[in-house]
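Order of writing sets the labels: A, B, C and D. Residues in every chain begin at 1.
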Amino acid sequence: MSESFTVSGLVATTPRHLVTQEGLPITSFRLASSKRRYDRSKKTWVDGETNWFTITSFRQLAINSASSVSKGDRILVCGKLKVRDWDNGERSGTSVEIEAESLGHDLVWGTTEFNRTVLVREDPEDDDSDASEVEAESQLVGAKSS
Amino acid sequence: MSESFTVSGLVATTPRHLVTQEGLPITSFRLASSKRRYDRSKKTWVDGETNWFTITSFRQLAINSASSVSKGDRILVCGKLKVRDWDNGERSGTSVEIEAESLGHDLVWGTTEFNRTVLVREDPEDDDSDASEVEAESQLVGAKSS
Amino acid sequence: MSESFTVSGLVATTPRHLVTQEGLPITSFRLASSKRRYDRSKKTWVDGETNWFTITSFRQLAINSASSVSKGDRILVCGKLKVRDWDNGERSGTSVEIEAESLGHDLVWGTTEFNRTVLVREDPEDDDSDASEVEAESQLVGAKSS
Amino acid sequence: MSESFTVSGLVATTPRHLVTQEGLPITSFRLASSKRRYDRSKKTWVDGETNWFTITSFRQLAINSASSVSKGDRILVCGKLKVRDWDNGERSGTSVEIEAESLGHDLVWGTTEFNRTVLVREDPEDDDSDASEVEAESQLVGAKSS
């Protein structure tokens, strides 16, 4: 059972890019997604409530996102949903993340010029999930929470 | 952009059923969902981390869920994902809910006897979202958080 | 990039169950799925056009589906979408299949009694896709087309 | 029950853009999507079979797609899946279309420069589905099949 999830929305923070000591590139930012619904009593479309997500990408997708995505952009993201409770000793909470498998600017909202740089995709489904990636993610979450 | 989301998992709490003063039936429970991944270094499948969701249903789906679903059952749910920050004065947090559009027992894990009771479906996409439903949801969230 | 797809609909044919010479259980049936939409000129919900799918399941899910699902039932299915061109020498066409990962009766339409028979799930993501499964699928497709 | 579907893949034909007599912009192209899977006997990732879709967009998304998307690009699309049997008198078949709600270049494969041109989105969920749109789609399908 895959828990893939696709969402479109507004990039709400400047993307943060870092490379771990192990050499793994990571980019993350916050995404605000609202769904409009038709209010029949008012006979108009109104904004629904907003879902907030942390979007995280790794490897080549992280590198390309860092150079292409800015705060205020409208994007489309597909990835794995991760709901995680965290506790850093002082505070605790729940984070809702999407680990992006694919993402791009949403052409509903503008045009793009695409420069293809990758000819053969590196392994996107490297499910043996090297420890460095998990550690790197921890560093990032730690950084965010502190 | 729809934010429909499908998840399979284990019903982790006894479903709570209530009918609001306005007559709206609501059923909710917690669902634990784990995705297995292949660990190549160990050459075996291992359980991934668990996503926890609150599953909420309304109207006929709430009535049928209340009489059919028990703690420990394996189910499949499709619905709208809702990430909400809440604050009840004393505490605050983030809830991750799925407002179910369809749900059922997952036949991967057992067999079912189906008794069809609904011949014509009531409006599943009643997007004018009568105030009573939103209020009822608030009551439920309030009840959970208090 | 997963191509998981979730659909709810009406079971339109009696499920066909077979076990291949290699011992692989397979169940398949046709599913009709219609989406209603709001027609503002008529101020009413109308049925949209119908999507037709062939739903195929393997192993334990096939066994449980064969004993639980009947023509006329309302179900929910999640699986991988497969669009395939076929040509059996005499005729050719396009088949649209969902290889089910999870499926169950949709409680929007009735109630179910669940008998859990599987305690530990067999590998649902056996991606080395033993040849027997592909061959079995070919047999099934061949049978359908002839 | 939404039948939203997300897919990433390779743009396989030069996008065709037209504006109907009623003034509705439409863009369509073919998309090839392959999913890789891990072949444990060969201990390597191999390309799975390819799903082929016709991607259709309307209004502003059609205009922006026509100026941004080229044959050979890697994109991500989210939209409604439509499986339709067609018969133009001489031939018949099954078309598998995705009516795009959002689409963009996939940053897994390159970088993009985004020029936002739309500040307030026009109604993306105009569910009264004016006849002109359906007619326009028929024209397009007719054109393709003839």
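One rule holds for everything that comes next: contacts are C-beta pairs under 8 Å (C-beta built on N, C-alpha and C of every residue); 3 or more make two chains touch, one makes a residue touch a chain.
Predicted, not measured: the structure shown is a model, and the values here were computed from it.
Asks: Name, by label, each chain that touches both members of the pair subunit B and subunit D.
Replies: Common contact partners of subunit B and subunit D, which must touch each of the two, are A, C.
Asks: Considering A-D alongside C-D, which chain pair is linked by more C-beta pairs in contact?
Replies: A-D
Asks: So which pair out of B-C, A-D or C-D basically repeats A-B, with more than half the contacts the same?
Replies: It is C-D that repeats the A-B interface.
Asks: Centre to centre, by mean C-alpha position, how many angstrom separate subunit A and subunit C?
Replies: 32
Asks: Which whole number of Å gives the spacing of the CA centres of subunit A and subunit D?
Replies: So the centroids are 23 Å from each other.
Asks: For subunit B, give me the residues that contact two or more of the other chains.
Replies: Counting only residues that touch two or more other chains, subunit B contributes 1-2, 4, 8, 38, 78, 101-102, 124, 127.
Asks: In their shared complex, at which residues does subunit A touch subunit B?
Replies: Going by the criterion above, the answer is residues 1-3, 5, 7-8, 33, 35, 37-41, 49, 51-53, 80-85, 93-96, 127-129.
Asks: For a test of understanding, state which residues of subunit C touch subunit B in their complex under the given definition.
Replies: Per the stated touch rule, the residues are 4, 6, 8, 36, 38, 45, 57, 60-61, 64-65, 67-70, 72-76, 78, 101-118, 121, 123-125, 127.
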